[in-house]
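Pasting the structures in now, so scroll down.
What follows is chain A paired twice: with chain B in the first complex and chain C in the second.
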Partner chain A sequence: MIKTLSISNSKLWRNRLKFDFWSLLIVLLLMCFLPLLDLSDYTLGILIVAMYLAIVAMSWNLLAGYCGQFSMAPAAFAMIGGYIVGLSDFHAQLSLWISVPLAIVGTAILGALLGLTVTRLKGPYLSLTTLSFAEISRVIISNSHEYTRGDQGLNVPSMMNDRLSYYYFFIVLVLLTGVFIYWLMRSKLGGFLLAIRDDQEGAESKGIDIVFYKLVAFTISCSLCGFAGAMYGSFSQLVSPEMGLLQQTGLVISMVVIGGIGSLTGPVIGAILVYLGSEWLREIGNIQMIVFAFVVIIFARFFRTGIWGFCLGLKQRLLQNHHE
Partner chain B sequence: MNNLLSIQNLSKSFGGNQAVDAVSFSIQEGSIMGLIGPNGSGKTTVLNMLSGILQADSGSIKLENRSLNGLKPSKLAKLGIMRMFQMTRVFNRISAFDNLLISGQALGLSFNDSVAKADQLMQELQLEHVKFLDAGELSGGQKKLLEFGMCFMRSPKLALLDEPFAAVHPKMRETMVNFIIEKNKIGHTFLIVSHDMPIVQQLCQECICMSTGKVIASGNTKSVLSSPEVIEAYLGDDHV
Partner chain C sequence: MLFLDLTVNGLIMGLFYALMAVGLSMIFGVLRIINFAHGEFFMIGAYTYALIATSFGINPWFTLPLAALGGAILGLVVERLLIRPLYDGYRSWSFVKDEYAVVVTFALSLLLIHLVDKVIGPSPFMGPSLFSMQRISIGPIMLNGQKLISSGVSIFLLISLAIFIKKSLWGKQIQAVAQNRFGAALAGIDPVKTTALIFAIAGGLAALSGALLSPIVNPSPDIGSFPAIKSYVIVVLGGLGSIWGSMFAALILGVLESYFAVYVSYDYRDAFGLLILICVLIFRPNGLAGMKGREI
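Showing the complex of A and B:
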């Protein structure tokens, strides 16, 4: 009886996560109905890119929001994933059925190798090392004309013929990423990541091998970014060094902060709103970055839990009022 | 009783400062040992070395004749050496109950066993009314009790408690003392660092006093507390 009572409370991590997961399902379900509004191919394209960024944001959130490791290389790993697919086609004419798994495994191995160095670092040192890695890999790709065609980019074969199919395909990809992260965070690994986020020394003294679990989180996060990049390459039929620009990482971070760091649904909401906003502000050029930086500062100062946290707080208040 | 932990000539220096200087002592299985001394005497550094947070410059640490030198804190926790910190180290953004579940699973318990054990500890530590609050919302004393529970999710061979009673409400202190007494009755071993002499006298059969990195007195708690060297270390030579 006690056991049943203890694990049924909504404040337990497992139950918070379950609520978060159901909310993600609802958001994705709502997105399934958007094409009924007779959206143009252009708008569908924007939403597809937003969902690509949502997967990168969810992957970064796994590392930063759940494990407290602030990597500055999510866009770089997406670019590398895209390039593995592009290079496989350009040099070996491999089909996507082979090159996409190669991108997942390749970025996982690269992520693990980088992780072996950075998981022993803390705070700004981890961020600076990953930032350096991101810039170095982008510059290498950009300057290796012989193999990568430099800034011209590489063509990637397409998987589908029309944007609507891609739209639903990306909804499924976001869903699969969500299910995977939900499953991961529901397991004991998820609990260990939360413990590491909250207090590394405390976690280690309670029996958690922090270097190993940070490495696991780092590898999975990089691999998911690589997967997203590979899929985006297939949609846009082009991968270029621009995918790995630091600006892209900034965009991903602002999506997570605005949507709600440390949640499943927040990064998806953030990705859609921020990317739609960025398209809306496209006319004002680079000033849009100032607008986003300003919005991130406002959120970081006044709404640290982002839109998702704000919604949870609202739900809490409504429930309280209902009980009173 | 058998020796559970043996420490021989343990030393640690930070730059030119010799924080711990050739410290040797042993802890018997099923005992409660006190480690006292004025601030800066090296008590916490000894605990840091015993729990793997710091590596000793020289000397040996053995648990049941197995060398512990060079092992990581997580490995030591799995071997049964659990550490409670002076500044509590709980996981602030998840519920108190989740803190216990995670600690249980980190020590190898299944999810269901962790739930059962966490429920039992919440009752024993009188934290039931706050078990679904985030640990960050608990009072200082409640956090200490919670960390206590995290250390006992799987019976430790040796619990290292650093200032467990400091800045804790008397009622909670009583809960902690009773918890230690009950656990000791069933064979648990404790090493307690504390400045609270009445509690040290009440709980610890044996005691070690350190000053400027060295052991200046050890043995029966009453005799250690009345030794002139200990009084001098705490109060200065005017009081000897």
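Showing the complex of A and C:
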């Protein structure tokens, strides 16, 4: 989606990534001061869910924005992560200290298995297969009444008892995800992923094992989604098949596209703006998905770099004026 | 003779899947993109049919072409507004094409679902049947009149589509553009018009499939998602871009699913399609028809 960054792993790209990372830190720092405004528990809850979606959006962006593989299953993997925690509490009464790592490993294994089939495929095949996977895993979970209690969902034990500590906990989680993705993109792997996104054949001809690196990115992305889902389950104390609706994937995609695909800060800005906006539109009359789908089409058609790209352009223009 | 009954009913479901999947496959053949809003053509067809027939009391047989027209118009609008920028004009889209197509058609699908949900309402309602819904038994096979008549209509449509593609001038133009867009343009074929035609045909067929099924499935705004997922499985099974492959694969999937629902598990019948999809991707990545053109 972003043609501007096609020089993978060059100095320009590294500088831009660094700038991106610092702006993410600033955004999160600003978020830390938000509770000073004396927000209600309800608003805090909305911000926490927005940050859960921000983690899912960041991990989807790792795959789609940095590697060019458009998976349709981020919400499904979040749901599976949540269900691993929920099921291990429901059937085995495991504590979160065991079940959350189990969710991370479980979604990573599932992601790797799905990845083994889909990463050999290009473009539409990957989206098609992950879309079918997402719908069908949701159907399986809501139909297996005897294990998962179907549409009623499962209860998940909570970790903390007030919203404010959850709020800061989720800020830390977003920060950790950001640091992890930043570290990943600075490493050799990041360069390979960008090369695969920009020119798959070219990357292959330079001896990059594209299937392997796509598989690594796919597994990491799925596992991050599963982790986010497990954390969300512990916050809301309930996991249900609704977490895996395609509509949720649509929300995640709209966050990344509106915020700015292929950047660290974009998905976080997008997640917070879109989710706050969607709560507001829900109050007006449940029109949030209509508005966001429409906005996504407009952004994808005319402003392909999103809000983040717009900010970058503004910064560049300011710098140029300054030099003159 | 449960087996025979299942086979016939499965084949009939396969015919409806085929009406959807053929359009999807044609769009892929010409543009190399997947239309993730294809299920919504189905939904629009079912709604147009049910709404017009119930509120104006028009004979269902006359409403059927109106539903197809609704789908075709939607297809044309989508092509003109969202898909045409992909290949029209001078900008090179080679790098962002897939991404754009996935994001835009997926967002369009959500937009249409929620628009219908808001404007018409979330509760399902039934379309009038073309024929008596009473069960008839032909030997061991249990059918109802609606299924029998609408499968006849689908067979007629699929055969006429096949003749249209194979024999008519427009059909030959479609084949030429699918083989080589640039070459076809050099030979004096307008690729833009041909693509618009394909979207109209694909939209119309999917809408007809929805209209024919609307007395059976009770249309609700998200009704399109399952036929759409089935047709994704089918196009992969048949080889993307191959029209004959997808017709064939649709019948196979319909039959296999109806066996699975009875002999193995009814609750998980929809999961079975995915199992087939993954097996095909692993063991026969070129699809059943063995068509070239899958990029691996």
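The rule is simple: the second predicted complex is superposed on the first by the 310 of 324 C-alpha atoms of A that agree within 3 Å, B and C clash if a C-alpha of one lies under 4 Å from a C-alpha of the other, contacts with A are read in each partner's own complex, and residues count from 1 in each chain.
Everything that follows uses one rule, which is that contacts are C-beta pairs under 8 Å (C-beta built on N, C-alpha and C of every residue); 3 or more make two chains touch, one makes a residue touch a chain.
None of these values were measured; they are calculated from a predicted model.
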item	value
Which superposed partner A:Ala64 touches (first chain B, second chain C, both, neither)	second
First, second, both or neither for A:Cys32, with chain B first and chain C second	neither
First, second, both or neither for A:Ser254, with chain B first and chain C second	second
First (chain B), second (chain C), both or neither touched by A:Gly202	first
Chain B versus chain C as contact partner of A:Tyr125, first or second or both or neither	second
Contacts of A:Met289 with chain B and chain C, given as first, second, both or neither	second
Partner chain in contact with A:Asn143 - chain B first, chain C second, else both or neither	second
Touching partner for A:Phe133 - first (chain B), second (chain C), both, neither	second
Comparing the two partners chain B and chain C, which touches a greater set of residues in chain A	C
Partner chain(s) touched by A:Arg301 [first = chain B, second = chain C, both, neither]	second
Residues on chain A lying within both footprints (that of chain B and that of chain C)	3, 6, 198-199
Sites on chain B touched by chain A in the complex	51, 53, 72-75, 77-78, 82-83, 85, 89-95, 97-98, 101-103, 105-108, 111-112, 115-116, 118-119, 131-134, 150-151
Of all residues in chain A, those that touch chain C in their complex	1, 3, 6, 64, 68, 70, 72, 117-118, 120-125, 127-129, 131-133, 135-136, 139-140, 143-144, 198-199, 246-247, 250, 253-254, 257, 286-287, 289-290, 292-294, 296-297, 300-301, 304
Contact footprint of chain A on chain C as seen in their complex	28, 32-34, 36, 82, 85, 95-96, 98-104, 106-108, 110-111, 113-115, 118, 225-226, 229, 232-233, 235-236, 240, 267-268, 270-271, 273-274, 277-278, 281-282, 285, 294-296
Contacting residues of chain A [partner chain B, same complex]	2-3, 6-7, 9, 11-13, 188, 191-192, 194-195, 197-199, 201-210, 262
